[in-house]
Structures are given as C-alpha cells and as structure tokens.
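As written, the chains take the letters A, B, C and D, and residue 1 is the first residue of each chain.
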Amino acid sequence: MEHTYRLVISCPDRVGIVAKVSNFLSTYNGWITEASHHSDTQNNWFFMRHEIKAESIPFGLEQFRTAFAPIAREFDMQWRIADSAQPKKVILMCSKESHCVADLLHRWHSNEMNAEIVAVISNHDDLRRMVEWHDIPYHHVPASKENREEAFAHIDELFERYEADVVVLARYMQILPADLCAKYSGKVINIHHSFLPSFAGARPYHQAYSRGVKLIGATCHYVTQDLDEGPIIEQDVIRINHSDTIADMVRLGKDVEKNVLARGLRSHIEDRVIICENKTVVFD
Amino acid sequence: MEHTYRLVISCPDRVGIVAKVSNFLSTYNGWITEASHHSDTQNNWFFMRHEIKAESIPFGLEQFRTAFAPIAREFDMQWRIADSAQPKKVILMCSKESHCVADLLHRWHSNEMNAEIVAVISNHDDLRRMVEWHDIPYHHVPASKENREEAFAHIDELFERYEADVVVLARYMQILPADLCAKYSGKVINIHHSFLPSFAGARPYHQAYSRGVKLIGATCHYVTQDLDEGPIIEQDVIRINHSDTIADMVRLGKDVEKNVLARGLRSHIEDRVIICENKTVVFD
Amino acid sequence: MEHTYRLVISCPDRVGIVAKVSNFLSTYNGWITEASHHSDTQNNWFFMRHEIKAESIPFGLEQFRTAFAPIAREFDMQWRIADSAQPKKVILMCSKESHCVADLLHRWHSNEMNAEIVAVISNHDDLRRMVEWHDIPYHHVPASKENREEAFAHIDELFERYEADVVVLARYMQILPADLCAKYSGKVINIHHSFLPSFAGARPYHQAYSRGVKLIGATCHYVTQDLDEGPIIEQDVIRINHSDTIADMVRLGKDVEKNVLARGLRSHIEDRVIICENKTVVFD
Amino acid sequence: MEHTYRLVISCPDRVGIVAKVSNFLSTYNGWITEASHHSDTQNNWFFMRHEIKAESIPFGLEQFRTAFAPIAREFDMQWRIADSAQPKKVILMCSKESHCVADLLHRWHSNEMNAEIVAVISNHDDLRRMVEWHDIPYHHVPASKENREEAFAHIDELFERYEADVVVLARYMQILPADLCAKYSGKVINIHHSFLPSFAGARPYHQAYSRGVKLIGATCHYVTQDLDEGPIIEQDVIRINHSDTIADMVRLGKDVEKNVLARGLRSHIEDRVIICENKTVVFD
C-alpha cells in the first residue's frame, strides 16, 4: 500500500476553495492520487478529500498542519490530515455471534485493512479462543443491569488504555451509555441487522418476518445517543421470499451484515467519511 | 403464450394434500407445466399452485370446479382456478406522473402482459392523450376534499362497469376510501415509492433524503384500509450516495418503481400470489 | 435544470494540473457545482470534469475556449467544453423491437433527458406510429444485402442533415459499415443484450441459455469496427434460474437493456464519459 | 436442523409422475416440508426434489430405497435419497489465498453448514496453522510439473481415505488431471473468479481490467475435463468503475467469490442441485 496523506476538509461553500487548496498542494509539489469534491447546495456546504503521495511533499504532517492552517482559517474549514503509515487503532466489541468479528479478524489477518485491531471486548467469553489465536488481547467485561456503570467505566478505561481511534460494535448487542456515545462521538461504528430506518431496535429479523418484506438488509452507522438513529455510512440488502424462515433470514443476513460492516469500516479507516449533521458524505 | 389453467390452493397443512391433488390431476391426464408448494410451518398452513396445459384436460373450467369441489371440502381449501385464455381486466389509476402508466401501457401494447387494460382513471387530465393513443378509455375524475364521496362513488361505478379484476394505483397519489378498500380487498395494487416499512406516507424521497439512507426503494403491495400497511408483493432498491439530490432520487426511483410495479402486477395477473393475513406467498 | 458548462479534460498526468485549472476557474469567479478527477497510474494519464454554473462566468463558450487554450496547450490536453443549454441532438436507430425506443422516447417526452431526439431511423416500418405520436420524424430505410451500400449512404446523409451529435442503436440489429463507424467514432452507442464479453454476436440469450448461466445482462458501449468490442459505458445483470426459458430471458432482459441503455446514454449526453483507448472513464 | 430425507429425481417427463411419487409418500404418511418441480419442456425432462420429515416415515433409508425402486424403474428415474443426519464429507483444496477457505471454515465452525470438513489439501503450507486451529487435518501436497502424476495419485488416495463426498477447489489454482475429473464427476466444485463464460482461464481480473467491464463476478461450477466449462451452480457480480485498479478488483472480488462459493456449496450439500448435461437445476 502506497504511503499517502489524506487531507479531509469541509467548510462553507464559496468560489476559490479548490483553487486555493490545489495551489497550496502544487506549490509544494504534492502529487494528488485521488481527489473528491462535493457541494451540498441545499446547505451551501463544501466537502473535499485529497489523497497525496507522502514522498512527493517535502515535509511531514506537523509542518503540513502549520503551513495549511492559514488557509483553513481563511475558509472556516473543519479539516484533518491523516497519514496512511499510521494505521488507526481499532477495538472490536462483540457478544456471542462470531460472524462479524471473524470476518474482520480475517481481513486484518490477510492485510486487507489499513488498521490495527488492538483489542476485542465482549460481554461474553465465547470468542476468546478465536481472538487470541490472532494474538489480539481479549477482554471479557460482562455488563448487566446491576454492574452497568462499573462495566462501562472499565470499558472506557480500556478505550483509553489502547488509545483506540475507532470502536466497532460488531454485533455487540448492548447499548452504550449516553456519556460514552458523546465522548467518542464519530468514532463508534455499529452494524444494525436491518435496512434502517426499518426495524430499528430489538429483533429486526423477527420484525421483518412479521411485516413480510421481500428484501432484508443491514446498516453500518455511527453510534449516537439515539438508538439506531446515527449517521448512516453504508447499507445493503438481500432478496428473500415467503419460504424463508426467521432462521433463514438470520443466516442470509449474516453475509450482508459482515460485508456492509467491512465496507463501512474501510471507508471510515481510510478517512473517506465526513459526518455532516445526521448524514455522511462518503468519498469512495 | 400457452393456454393453461392455474389452480391455486391454500389450506391447513396435513399429510396427503399433494397426493390427493396430483392424483386428481393425473386421473384426468392433466399435464402439469409448473408446480409450486409452500408449507408455512409456523402457522401450519399449506399453499400450492399448479399450472396445467388446458388441452390436456378433457373438460372446461366449470366441470373442473364441480369435479374438484369434494377434494376442496375434504381439506378445507380456499381455492381458485383461472384460465390463461381469459386475461384479467385491469384498471389503471394515475395522477400527473406518467412513468408507471407509460411503462404498463407499453408492456401491454407489446403483448408482454397476459391482461387487458380496460380503462384509465385519473384525478387529472394530463395523461389523456398518451392513454387514448393506445385506444383505451380515459376517465378524468377529479377528487377533492369537497367532492370526495361523489368522486369515489363514480369511480366505484367505473370499476363495476368495466368489471375490473384488478385496480392498479400507478402513482395515483390519492387515498381510497375505506369502503372501497374493503369492497375490492385483494384486488387493488399500489406502488409506493419507498422501501416499506421505511418512509410510509407522504413524500418518501424527502424523508429518505433527510435520513441519509444509502439505498432507496419501491414497494408493490395490496391496498388495505391502513395506509401503506398492506401485504407486500414485491420490493427492490437502488444505490444512491451523498451527491444525489431529492430530484436525483425521484429520477432514479422511477426506474425502480416501474420495474417493481410491473413485476408485482405480473405475479398477481398470473395468479402467483396468495395473500395470507398481512403477508404474501409469491410463486415465481 | 441548471444552466452549466461542462469542462472535460484528459492529459498526461503531472503535478499542478488541478491547481492550474481551478485557478483559471476561480480567476473568472467560476462556481464549480461538480468536480471529478481520475489518475490512471498505470498509463500515467489524468482525467478531469468540472461542471460550472454558466451565469457565474463573465463570458460565453467561445471566449472560454480562447482564454483556456494556452493552459490546454501547456498540459497537452485533449479537452472540450459543453453547454447544458445546447442539448445534444440524438438519432435513434431501431428494428422491430420497441422496448428501448419506447423507453427513451418516454424519458425524452417527460423531460428526463437533457437531449433532443431529432429523428428515428429504422430498417422496418413497425414503430412509425409510436415515434410520430411524439412528433419526431421517422425514416424507414430498409437495409438488405443488396442495397446495403446505398442504404447506409442514405443513413449517413440523414446523420448529416440532422446534425446528429449522438446515434443510438436501440436494438437496431444491423451492423454499421466500417467507414460509418470510423466517421462517427465515439458518437455511436449500442445496447448489446448480453454481459459482454460473454455472448457477443448473434442471439445472446440463446447462447446464455445453452451455457446455463445464472445471471443475464446487458452492455451499453461505443460502436467500433470490431463487433461488440467497443469501449463499455455501462452494464448490469438480472438473476435467472433453470425454470426460465429463452422467452423468459428475452422478457427479463428487456428491462435490463432499457435501463442500461438509458443510464449509459445519460452519462454520454451529460459529458460524463471519456474514452481512453478501449475503455471509458465515467464520472457519475 | 430438522432431520429430513431428501428425495431427488430426474426422468423423462410424462403425466402422472407427481401423483405416483406423492401417493407413495402419502401412503407411508410422509410429511413433505419442501417440494420442488421443474419441467424442461425443451428436452422433455422432469426434475423433482422432496424434503420429508424423517420421523414421519416408518422406516429407514434402505427400506425406502427398496420400496421406491419399482416406481423409479417404471418412470426410468435417475434418483437418490439422502439423509440430513449423515452430513456429506467435504475436502477443501486451496493454494495460498485464504479468503475462501477461511470463510468456509468459519461457516462450518459456527454450524452454518450441514456438512463435515474432513480435510484440507494444499500445494502450499501457508494455511496449515489456520486449518489446524479448527482441528482439521492439513495435507501439504506440492504439485509441480515434475511430480504431477505422483502428487495427484496421492491426492486421489486422500480422497478415498477420507471417503470424500465433495471436493471443493477453494482457489486451488491447479488444474485437476482428466482422470480425476472423470472419477469424481459431479463431486468436485470450483470457484472461478470471473463471471463465466467471460474471462475463463488464468488471471481473470487482469482480463477484466483490460476489457474495461463495469461489473466483475464469480462463478461456482462443477469441474469437468474442460477448464471452466462445467455446469454452473451459482454466479454473482459486483459493480466496479474506472478508478478500480486490478488490486481493487482482486479485493472486491474476494467477497463475491466467497459468497458465491458458499451458496453454491450449500445448494450441493443439501442435495438441491441436479446436473443435466452441461447445466444445473438448482432448487432453492
């Protein structure tokens, strides 16, 4: 994988942003390998992502930040620059269901993901052996009504200890406390096993079966304090019919869930997602 | 198109149904070109559809009904037999949007549909010229708050005059009165421009835009007294992204709407759909 | 539809192209509503498309061309600028099958396409009434082995008379002569009823049936002198199974054909396609 | 998973087959949970699969075979009956690429597959640790030009030793000798990383990249002596565009490959596939 910097910008839309940014890059001889733009004409907001060959620029990230700061101020930018050589640190959280965790572990194991899985946290001990085979620490933190506060204090402490950049709820099946959602806003990704906003909440396949839909789906989204209401990153569906039982739907849905989660996580990890209120811009 | 009879059965599940029915057919030398079965193990209900070469059977529909009645009674069957040589009579209802009507008219015009479009009813006069070019009568029946009762009495009268077997709400954008829904239960098909149960009701693309979904869809369903809650026949989706405006979604959605409606209507017309409470069995 | 200019560029890749072009646009206060870039790192070639609000620029197309020419020379650009207010002139060519023509006519009729259908040419007279209902001239030019040269001379003359920008072979079922392909290179679009390169040539659904594939497809591509070998613009597929006859495949395929053709043509008409050797860059 | 018998039949089509078979089943009180039929009207051949609750029948497989034999003879049936309680024995063959093997191992590990993976054979030693973690024997059998005969004799011996019912070439990347193909005809399943018949043979993603297709796919098929020409069980595709490099296609294709292989294998394992000349009937 090539060594690149990813410059991600959003700001009020006006004439001259692209010129200013591309001039800046060209002044320092920056080789742009990928450029994406989006004008949200309804909100008059502009979004932009550049991927730049790291070696083409004569300085590092800190100097880049210093040099770019005046432009960012001039255009009121929210911006960040990320280095592909510093892979994001990912914590997976799971319950007993293994399909999403196994899928992500395998993608990581086969170097498909530009990220480092630093730990797995679960309220059950079932997947320990699978995780530890990958030489990844496994933390069994049971969370019940009784110990909820304590458990999530421990979990928060683990997030900090591992300096997690991203937390993935890979079928974790527990609701994070509001303060944790707020603290890690934009950093916690969930996979919900329905095509949201249909069938939010518990047992979506049962809901889908009752309603008699002809497609089932999965949704990868950022976690907010409102359950299953956060900004959507990725969705997909699969066709079912009257002969499919709930068990069939669970089985078929697994393949959608893991693919949707993997794609959504990949977009996040490669700094392709910009959250804008309750929606996302995803530069694929 | 081959001349066939379509025998459609649903009944409580038990051993021996298939044997009894297939014996009956084989006794009269019936040549089965297509056979479909479904056991709903949750509700212990059985569904079955046979398509039989008409010429292989030594008698017509009436005699078939007489001969089969004892079996139907024995197994408590809800059943019907339809003749492909008697195409169903279809009334289309529309508003100003032409895409669904134009699509169905073209399918009919090019002999793709085993049905007869006997009339089009609209609350606007916009599509008259297009419909009349196909030599199909066009009835402009404006329905407003003021004349609602009167208008739908007229519409009901038109349903009766044309002896409609099926009414298709091809983006009609009006809600049928409850008594009409009840009277034509299982005979009125709607296309809703969302992936139900998401975004029921008005302006689904606006709702989808606000929620920031990554796929939009359409749903073909039977109309019941509960708006957008009837049994679903067919659904499909199309991928969108952050750059798609509501206008883009409307445009992209049209292709999904017309394909989903055409497929759903086709299944209904060929007697492939069995309604069971609020769900459908569709034998494709 | 907003009035825009579409600036489409391809050139050898090097540092500074985006800066130069965006500076140019920003100098003249050009409001960019859409910007797309692609670096083909294998061939070291760069592609770029801007959509610019026409009213934001203080001059017209001719002056734009004059002002931009030095930049184009400096970077060895192949480039064009198109005006959305001057819709492309499209000629449709067809045979007896109506589905693609009817679909495009309806999209045009309902103002979905930013183009003008100026004429329809066919080797049969079957679709005359449908076309003329839209007030579009219909030319019946039978082409047989005997009169082939003469027929296509006439067709060429029609292309010139109507000043066609695009010719769409909407299931025309005839092979254009090599000289016509060459003369209108990059301007003739075909829909082939298979997922190319599978099943090129005659009777693709029969070929697909024989091979027992589980998906059938359609391909929209530019016509070159090599039959079904030209640059692909768009493709899609639909699922079939063992129970589908060739007639079913023909029917199911029609929906794919018309959607793929409509999407491919739309991309071309909006200047979103850049041909590069035997491939296309499509900025959607 | 319910204990069932799967009765799979193909024979020349004629009136009375369904009646005879369903009478037979009903005589013995057989509870049919799933029934599928297909009439190939072109070849005048009939296909049929029943899934029957094992406990509903008063005898075992051997007695069933004896009792059913006269009917099978009367109708010239090719037939088999399988017991879901005797899961098929599967051997996986692989090379260095792990995605298909890892996916199947995980499905097996999480009890998604009604089969027993009895061994993995590879021409490389790379995946040994992953396989052995699942307590499945791993056989490293390097096959080169020099030792090809010897190597495949060993492989054949392993097939026999493990009494393999199915062999899955999960990206094995070697061509089986013709005699092995013949010996295990209908029992060896391959995943090819293209949408066959496009891009048969070596390096299909490179071929797809060169041709500039807009969708890439994968094909699960039975292995015959003609490379990539065997009966197709399952296929699927994924959308790509001009910005996808060959490396992107390889990555995106992996998800299609593993899903298509898993679905195809599942159909085979559940006795849902009937091979008919070079095509398959798949009763999903």
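What we mean here is this: a residue touches a chain if its C-beta (ideal position, glycine included) is under 8 Å from a C-beta of that chain, and two chains touch if they have at least 3 such contacts.
If you want to know which protein each chain is, UniProt gives these names: A, B, C, D = Formyltetrahydrofolate deformylase.
Just so you know, these numbers come straight off a predicted model, no measurement behind them.
> Sort out for me whether C-D or B-C is joined by the greater number of C-beta contact pairs.
C-D
> Find the chain most remote from subunit D, comparing centres computed as mean CA coordinates.
Most remote chain from subunit D, centroid-wise, comes out as C.
> Go ahead and note the Å separation of the Cα centroids belonging to subunit B and subunit C.
Chain centroid spacing, subunit B to subunit C, equals 36 Å.
> Using the average of all C-alpha atoms in each chain as its centre, how far is it in Å between subunit C and subunit D?
Roughly 41 Å separates the two chain centres.
> Which parts of subunit C, given as residue numbers and ranges, touch two or more other chains?
In subunit C, the residues touching two or more other chains are 34, 41, 243.
> State the interface residues of subunit B toward subunit A in the complex, per the touch definition above.
Going through subunit B, the ones touching subunit A are 38, 40-42, 47, 195-199, 211-215, 217, 231-237, 241-243, 245, 278-282, 284.
> Can you name the residues of subunit B that touch subunit D in the complex?
15-16, 18-20, 22-23, 25-27, 29-37, 39, 41, 56
> Considering only the defined contacts, which subunit A positions touch subunit D in the complex?
Touching subunit D from subunit A are residues 34, 98-99, 102-103, 106, 109-110, 112, 133, 243, 251, 254-255, 259, 262.
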